[in-house]
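We just call them A, B and C in the order they show up, numbering each chain from 1.
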Amino acid sequence: MTAATELRAEQDRGRKAAQNREKWASVRTYISAAVILFWCLAPAYWMVVTAFRDVGYTYDTSLLPTHITLDNFRTAFDTSFGNRFGQALLNSVFIGVTVTVISLVLGVFAAYALARLNFRFKYLVLGFILGASMFPGVALITPLFQLFTNIGWIGTYQALIIPNISFVLPLTVYTMTSFFREMPWELEEAARVDGCTQGQAFRRVIMPLAAPAIFTTAILAFISSWNEFLIASQLSNDATQPVTVAIANFAGAQPQQIPYTAIMAAGTIVTIPLVILVLVFQRKIVAGLTAGAVK
Amino acid sequence: MKTPKFLLPIATAGVLALTLSACGGGGGGSTTAGGDAEQGLDGRGPITYVQGKDNSNVVRPLIEKWNAAHPDEKVTFKEQTDQADQQHDDLVQNFQAKNANYDVVSVDVVWTAEFAAKGWLQPLKDKMALDTSAMLKPTVESASYKGTLYAAPQNSDGGILYYRKDLVPTAPKTWDEMMGMCSIAKENNIGCFAGQYAKYEGLTVNTSEAINSAGGSVLDAEGKPSLNTPEAKAGLETLTKAYADGSIPKEAITFQEEQGRQAFQNGKLLFHRNWPYVYNLAKTEGSSKVKDVLGMTALTGTDGPGASTLGGHSAGMSVYSKNKATALDFLKFLTSEETQKFYATQGSLAPVLGALYDDKELVAKLPYLPVLKTSIENAVPRPVTPFYPAVTKAIQENAYAAIKGEKTVDAALSDMQASIESASAGQ
Amino acid sequence: MATELGPTPVKEPASGGTPIHHGPKGVGEDNAIASQGKWASWLLAPTIVALGIVIVYPIISAIVMSFQKDAGLDPVTGLFTEGGPAGFSNYTNWLFQQCAAPGGGTVACPPGTLGSQFWSATGTTFYFTIVTVTLETILGFWMAIIMARTFRGRSLVRAAVLVPWAIPTAVTAQLWLFIFAFEGIGNKLFNTTILWTGSEIPARWAVIIADTWKTTPFMALLILAGLQMIPAEVYEAAKVDGASAWQRFRMITLPLVKPALMVAILFRTLDALRMFDLPYILTEGSNNTTTLSILVVNQIRQGFNSAAALSTITFIIIFIVAFIFVRFLGANVVEQQTGAGKGKK
């Protein structure tokens, strides 16, 4: 054997080892993905199975669906007894979208100021914004109720939208600020050198780069508002109630009966739009990834 | 130094907040409703009726009927959530805000005293008096505070002892008799008896039932705790002993109504204390294993029927209502025989009028009515006190520890006593 | 936080950022700061006003009420009467677990009163916070790393991860209560007979499992967004240099994700310290699962003013935690990246 063939064999072994490693890495990824899927979906699976079960077999524990029926979904949307689940879904979407859009706009403004501008009392502002997330939400309801009663807001959409904006704003501002800090702002400078105004530079250069952060924040804001229950349970009325309150309104056919199957059906229904939303948004997140790679 | 301009918004917000808090009023129990109770007594006009989720579509048809007959005094239905805590909090918020739009409200029997003492409920006396002579006495007591009626008893509820007819030869009359039958449960490898012992409102119900059934009481006639008595001890001991020796199965410590019903319907319990709603479900649900062997009797006590804890709702009138004459008419309408019958047939809600329990037509439809009548006639209202939220917590906390064996019965009762005394002492 | 007032020094060219304003220090800089301050105040005003109305007003109003006594019962009329000024008694009663004595004055709160539960609730709250946030951070990081990889079915995983979080808490809590019932699917599946809500350790872990399941996606998503900002070339370069996977994680991933990670942990901590729905529906606070927020809700039903004091105490506790967090763990997004903190001392 010559030294050359030895070297080639060595390289071959190295390449094989590398291939093996790659293969193993990919296998490990799939195993991990499977574990994640199981952890996230197993309880949700139980929700869906229960949702399709006849109410008379609510406590059945067979793993596969048994006594399948669509009754629970029908019950959920049945309007004859004053249920307004369909209306509540629309309310939740309307409130969620409004909250998300407004809090993102406000959040981007604030985060830009906090990340890019120098001014006094920056720490005070940051502390103030963070401080808004420190008071137990349950104790805000009574004063808010008094305030909104005084100005006649009970049962209006703004009575639900404005508190929700305030609840998500601190998170929005902090996330956006932390991401803006990571931005390659020299590109903005470059754009300005090329004749863009500061606003144009921000819109055309920075915003696309910040897309992953913005869409992530949007999802966070939307879901947080979608999930809000405490404030809504006291400040909404039949016309404005969001879906969380509507679910709490589900009642069994008998006074003390807990309508698990109908609740699970409702849970299934409200989860679907969010999954769709995420599937749509995540293209944007991925798009952001490739844009970021230009850096 | 120049004024830091961006601080302006904070300052504005601060000033705004201070102004608002000055005129916003407190959230605490603002009281002395003397003036409010005098206004609007002759007022007539549209009113709102507030109640939790209308499970079986009883309220809507009733209101339609009322509205057809009273075109100028229409009732609007405001439906709350299905959860008692939230109904309570919603009422409190609106009373605190002196909301005139909550004219007639449905109050759980345990809230009556609290709302009355806060001055939120119109006393039903003098001009506003309501005839209660045909009603079951315990239901009237639970709607009264300090001898004055504050709400119209609307529907009632009492505990029923369900049992397995196929295994139990004759229904037990006393607690000891029932415990004697636990050998049957053992032979069949099922649990003997269970009520609701998770730490929640149901535990208060079951604990006070045990204490009342043994001749004790949680509160005396003055509303002071009376748990340092041999009767109270004997009562609580029935539960702790039964749990310790396994007559009450271990898992019962996690039972609320639905988990208990599930166990009984699956054939895993010989005796089960629950509300009347179980009857319909155990008879009809596809998964029920006790459809054909379902027995019912009154709860058991020391030497006869036990004293059930009373459930149910009353209809109260807000002192802030502008149309109290209409509201009073509506209360009378809700307690009329016809309405009560409709409640029973349409909603399986136990009537407050004694006569209806012997109504043949009703009994045919709701076979548990005779048993329920015994239950309600022997029932003791849950502690009638304006400090109910504190009292129920004191009972739950200590009874739970006692049943689990973490605390002696004596210690549990004396802690209950001390906690209730402290709560009633105010601050 | 609010401790560092005064002019912020000009940003140093750090972490990819270039200072906008060059020029010598001195008068010019002051003008620059002033003009930027004007801009900043416009940009921040809407946020501050929104928070002012809905958060600051209720907080101030609650604090005002916390210095009032709760209504007491007039034994003659049986009606509640206003309690009058309370000084700090609402606060001291909680902190020293003092309750009203029947004859006047105060006694140590008997077991069964809410007052006797303050310190245990504080302990429980911290226990839940530390365990859930730790678990969620580790799990979330792991999920984010997997989701950042390119493989078939990645979008499925990404959507699936969000499912637990998308289900409203009201439903989640009922779902877990259903799963953890004695005869529920949980015990059936693992062939156990655990009384999940019946004793301390299982009850606490029931809450922890449910909370971790529900909120890990929040962590995962924020960390994923942080990962997305790291250019792939950095990893390639590190690989060429022969850095091991662990080295790459420690030297590249962790530092670059840190800002996003810290924000995520900070907000999760603040949320966990105010945890309410899940333990309330799962256990109603039995078996040492009463958190401070549950105690607040229970107290609101017994008297709002005292509950307002408890809320304020909770607020202060959370404030201290956040302060420590920001100060010692460098969660302050601004300080960390501008180098302002370094420059200041």
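The rule we apply is simple: contacts are C-beta pairs under 8 Å (C-beta built on N, C-alpha and C of every residue); 3 or more make two chains touch, one makes a residue touch a chain.
Everything numeric in this text was worked out from a predicted model, so none of it was measured.
Participant: Between A-C and A-B, which chain pair is linked by more C-beta pairs in contact?
Facilitator: A-C
Participant: Determine the chain that sits nearest the middle of the structure, using the mean of its CA atoms as its centre.
Facilitator: C
Participant: Taking the mean of the CA coordinates per chain, how far is subunit B from subunit C in Å?
Facilitator: Distance between chain centres, rounded to whole Å: 36 Å.
Participant: Quick one: subunit A and subunit C, Cα centre-to-centre, how many Å?
Facilitator: So the centre of subunit A lies 17 Å away from the centre of subunit C.
Participant: Need the CA-centroid distance for the pair subunit A / subunit B, whole Å please.
Facilitator: Comparing mean C-alpha positions, subunit B is 39 Å from subunit A.
Participant: Can you pull out the residues of subunit B that are in contact with at least two other chains?
Facilitator: Counting only residues that touch two or more other chains, subunit B contributes 4, 6-7, 10, 20-21, 24, 27, 89, 262, 266.
Participant: Mind pulling the residue numbers of subunit C that touch at least two other chains?
Facilitator: As it turns out, subunit C has residues touching two or more other chains at 37, 40-41, 44, 48, 51, 53, 56-57, 61, 181, 183, 300, 304, 308.
Participant: Can you list the residues of subunit A that touch 2 or more other chains?
Facilitator: In subunit A, the residues touching two or more other chains are 59, 119-121, 125, 128, 142-143, 146-147, 248, 258.
Participant: Once bound in the complex, which stretches of subunit B touch subunit C?
Facilitator: Residues of subunit B touching subunit C: 2, 4-10, 12-14, 16-18, 20-21, 24, 26-33, 88-89, 92, 116-119, 145-146, 198-200, 250-251, 253-254, 259, 262-263, 266, 268, 386-387, 389-390, 393-395, 397-398, 400-401, 404, 415-416, 418-419, 421-427.
Participant: Tell me, which parts of subunit B touch subunit A in their complex?
Facilitator: So the residues of subunit B in touch with subunit A come to 4, 6-7, 10, 20-21, 23-25, 27, 53-57, 60, 77-79, 81-83, 86, 89-90, 93, 96-97, 99, 157, 257-258, 262, 266, 275, 277, 280-281, 284-288, 347-349.
Participant: Show which residues of subunit A lie in contact with subunit B when the two form their complex.
Facilitator: 54-60, 67, 80-82, 119-121, 125, 128, 141-143, 145-147, 149-150, 233-234, 237-238, 245, 248-258
Participant: Which of the residues in subunit C come into contact with subunit A in the complex?
Facilitator: Contact set of subunit C toward subunit A: 1-8, 10-11, 15-18, 20-21, 32-33, 36-37, 39-41, 43-44, 46-48, 50-51, 53-59, 61-62, 142-143, 146, 149, 151, 153-172, 174-176, 178-179, 181, 183-185, 188-189, 213, 217-218, 221-222, 224-226, 228-229, 231-233, 256, 259-260, 262-263, 266-267, 270-271, 274, 276-277, 292-293, 296-297, 300, 304, 307-308, 310-311, 314-315, 318-319, 322, 332-334, 337-338.
Participant: In the complex, go through subunit C and note every residue touching subunit B.
Facilitator: Where subunit C meets subunit B, its residues are 34, 37-38, 40-42, 44-45, 48-49, 51-53, 56-57, 60-61, 64-65, 68-73, 78-83, 86, 89-90, 93, 99-104, 107, 109-115, 181-183, 193, 195-199, 283-287, 298, 300-306, 308.
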